[in-house]
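Got a structure for you, written out below as structure tokens; questions coming shortly.
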């Protein structure tokens, strides 16, 4: 058991991550580019227009993945926080730190595209209903995590404090998810349910699925790159970073 | 209470754990009870018809615009139409203003407004509700056609 | 019983404070941490209390790392830091009473008054601490040494702001604690006049 | 054990009583914020009675928020917090004691004061009853959640407003439930569902919030 | 002489920049408080656009109020204030410098942020212009008046809310002028009169408030 | 030039601190205020600075009551109190620069660096003061003695928290100030080793 743990810790070491991610990164970049291009071209140019919304519905290909990613990035951030708190892994803290601004931007993107979409479809930029409000709360939570970190000087303590805040804020996620079911909202309910087939034809949802995959992969790429930068900054006095900088 | 010859700080910790168990089970119980109650500011035409909704208070109402019920006033922007939940008698809605593009007969809407003494819903805002179904126009036409045939 | 530090290394703001520091204090012993300003004395004491975590190495109490049974460890610990833990809007008596219950010790009003008298605050039991002088506030804090039973004393500059008589009085109390088998670690820029061998732990350089 | 809980409540009440402003200020703040609205928006009874639930809840929330900020601050500054952290007593209980003490000097008197203000804002009687009940359950939740923020920010030089950024988003559900309940009360409808939801939030908070606060304190005070 | 004015402004800006939360928090607080109202009162655009001037002004007022509280506090606690009081430099200039610094990190960015929130509250464009102009003149008045309260309460252990009790009544005229001006803007009427009144308040405040603040500081810090 | 106190009487919280106290210090002289904790040393210094007003008697500077020309008086005054006046979120350099402009004195960066070097903070110019140790913070404050020109020094426990070397260094600086005709009043519970006659003012018996 102890052996397993020490292995786990070794693999979670910044140095190991830096090396592995260095190898993976080009592949991720390539994949992201490929998938996103496919998705964008298919979704924006080739997918059929909606019978009611016409071409306006194409914002879906930006809005929906951004929204999904916003939520999952919060969950990933909280997960990283929990891992960091329990097993005291440095890498987890870096993951938390770098996820926050990414998540905040995705949330902002979701809200912005939603608002742009809402104007022609609903007839308003903004309504104060459960889905939209809980999403705004998510943005505040991300901002809170960022603000807390920037206010604390001690890096280690800041990491743990942010982890706790992220975990506390986790209660918001089911609210976002279920808001369209529990309360009456203007926002539509899910088009995709686990038990039924999607409420749209394949030529509409396949590009959407591709876009979701593309967003995930873009998120992973950006996350990895930011973690790498952080690692270099934080470990800048260790031998291996010095060696690397010298050879570079 | 004494828990054998437990060390004092272990006993203290036990109290904390007991407290946590009690509070979390109480939370679960209350949540289960709460789920049976409805907390919404939204009323269906049926609820409004049966007088459940308060008169003269701003509430949300929603339903499908009954086809053929739309009437426009010649001289002003006043619009009247019926909405229904396809179960009970429709609810009359009066609205002055510009409707969203997606407003069509047979389409879902959400309106914010007040029920007046006559039982008419005076809306100050009408928003088009959009459901989760997307399809290309040809498919929609085909479905509509099929619908028309079968009727 | 003994308190041990093994290979303690601590770095703050990219300055190495101490590296691979070893020490051990056992029953009836006193260790004085010496070093110039900023050499890390307070940091070391806070590490030993479990109030500061960014360090490498092990602090052991009775041979076991303190984190193994932290509650059991702090039960025997009395720490007096730079800041006093003395509330300005409570009287010395109220302050001490709460600090004692924090340590889970039953003390009577009589005990508290005696402890206050010991530190020369007889007659100030009911004055709010906010209107005490710098040295008097410190004395309220130091009264805990006369009130609360604990094996291990960690004292961060206990003599600062205290006048000459007060210092003497404290030294006597430290002697008695050592005689009773207690353990003391302290920092101080002043010399210590007690009839026990005072070992030194030098920080810096 | 529960000794320390009561000792802490007693101590904090004593301190609040000594700095009598601690006791009066949240109330005064609450009062003044509420009176700003008739001035800033409209003195018409019709408008005001519509605003009343929201304004009263928002004001209660801000008063709690601003006073909770100091919950651990002075303990941190004078070193009491260090002593709390290295005491053999469970931190959970000390934190719970402090939160209860806080509620007793802010949320509770505020709940008592509210009817007066509600009348000034022309809230109907049914609404006042709902308001009182929700405040009674809701203000302890606010104190509990606020404590988490206070714990996380205590080591910072001026956490004053940071805490609002951290905590206000978490207050949103309480605010919504509270005002919906009052609205339902005004409209003569049942608000049992709202109260049950709030009750479940409260007991959950009683268990979990002190845990999170304790963890936050350990972190922010040992750096 | 004016040296010390600029040196003080520079120093306070530097401190605010270091505790970057000082810079962001009043803004975030402002933002969040404003969003509480649609949640607590009503999401209806019609209602909200009616509330908007009042809500925005009250929120701006509270954000200033809460941040002004710290204006002299840290100087008092670390002994800087004693040094200021026994310096040969005119206290007036130091105070003015601190107030200007405070406005630059709160009132000014808050004015810049307001249009976004005004749009979210469905305030018409004419109203937004009036709002911006009144905030630009009004927020420095708020800082100036707030400084008086901060000066008077600085010696107290927890003046946090006492200051609101002292200062909020003095904010009332600014609040009323501001909201009336915005209302006039919304209704398409001229609000030049309101602006002139505010302008005269501002210049009066510039002259008198630092005097009062200086006097208050001398009293509360030497006891 | 001289500083005089005539018939100073002060009572706080119904305790008479001192009654009809007289003292006088002139160019090149040093007066040490002695007394046990709570005897009123800090109070007396604050009275002399004009920071505390509830007293009877007269404080005279150059034969005139200080309130006659307060600005002219404080121009020549340097007070170092219990609390430092050192901002935690500024660096030592920034702190000193502002404190100097408060005293209306032009100082260059070089001056400041030199003063900091004098108090052993070479290399800490740009660290934020919040992350300095207790003694280091105090040293930032004491650096003003090396930076700012003032005739009359009022020092409240300047040696507390300062290590042995630091104390020596300060003593030398005080000597030089006296040699240059300066006036010093200080409180301290520690002995003072300087080659000047140190007169004492004993408070509270």
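Per-chain numbering from 1; labels A, B, C, D, E and F assigned in written order.
Please note the rule applied: a residue touches a chain if its C-beta (ideal position, glycine included) is under 8 Å from a C-beta of that chain, and two chains touch if they have at least 3 such contacts.
Treat the numbers as computed from the prediction; the structure is a model and nothing was measured.
Participant: Please give the pair of chains with the highest number of C-beta contact pairs.
Facilitator: Answer by contact count: the chains D-E.
Participant: Whose Cα centre is nearest the centre of all Cα atoms in view?
Facilitator: D
Participant: Given that subunit D and subunit E are copies and touch, would you call their interface same or different according to whether over half of its residue numbers are shared?
Facilitator: Answer same: the two copies use largely identical residue numbers here.
Participant: Farthest from subunit F by Cα centre, which chain is it? Let me know.
Facilitator: It is B whose centre lies farthest from that of subunit F.
Participant: Averaging each chain's C-alpha atoms to get its centre, pick out the one most distant from subunit C.
Facilitator: Ranked by distance of C-alpha centres from subunit C, the top chain is B.
Participant: Just how far, in Å, is the C-alpha centre of subunit C from the one of subunit B?
Facilitator: 64
Participant: Roughly how far is subunit D from subunit F, going centre to centre by Cα mean, in whole Å?
Facilitator: That gives a centre separation of 45 Å.
Participant: How big is the gap, in whole Å, between where the Cα atoms of subunit A centre and where those of subunit D centre?
Facilitator: Taking the average C-alpha coordinate of subunit A and of subunit D, the gap between them is 33 Å.
Participant: CA centre of subunit A versus CA centre of subunit F: separation in Å?
Facilitator: One centre to the other, that is 57 Å.
Participant: Hunt down the residues of subunit B that sit against at least two other chains at once, touch-wise.
Facilitator: As it turns out, subunit B has residues touching two or more other chains at 8-9, 12-13, 58, 125.
Participant: Mind pulling the subunit E residues that touch 2 or more other chains?
Facilitator: 19, 21, 24-25, 28, 32, 39, 42-43, 45, 47, 74, 157
Participant: If I count partner chains per residue in subunit C, which residues reach a count of at least 2?
Facilitator: 53-54, 71-72, 75, 82, 88-89, 104, in rising order.
Participant: Would you pull the subunit D residues touching subunit C in the complex into a rising list?
Facilitator: 3-4, 7-8, 11, 14-15, 18-19, 74, 77-80, 82-89, 94, 221-223
Participant: Spell out the part of subunit A that touches subunit D in their complex, as residue ranges.
Facilitator: That would be residues 85, 133, 137, 140-141, 143-144, 147-148, 151-154, 156-157, 160-161, 164-165, 167-169, 171-172, 175 of subunit A.
Participant: Name, in rising order, each residue of subunit A that touches subunit E in their complex.
Facilitator: Residues in contact with subunit E: 124-129, 133, 136, 140, 143, 147, 150-151.
Participant: Which of the residues in subunit D end up touching subunit A in this complex?
Facilitator: So the residues of subunit D in touch with subunit A come to 148, 152-153, 155-156, 159, 162, 165-166, 168-170, 172-173, 212, 215-216, 219-220, 222-223.
Participant: List the residues on subunit A that touch subunit B in their complex, please.
Facilitator: 48-53, 57, 60, 120-124, 127, 183-184, 186, 188-191, 199-201, 203-204
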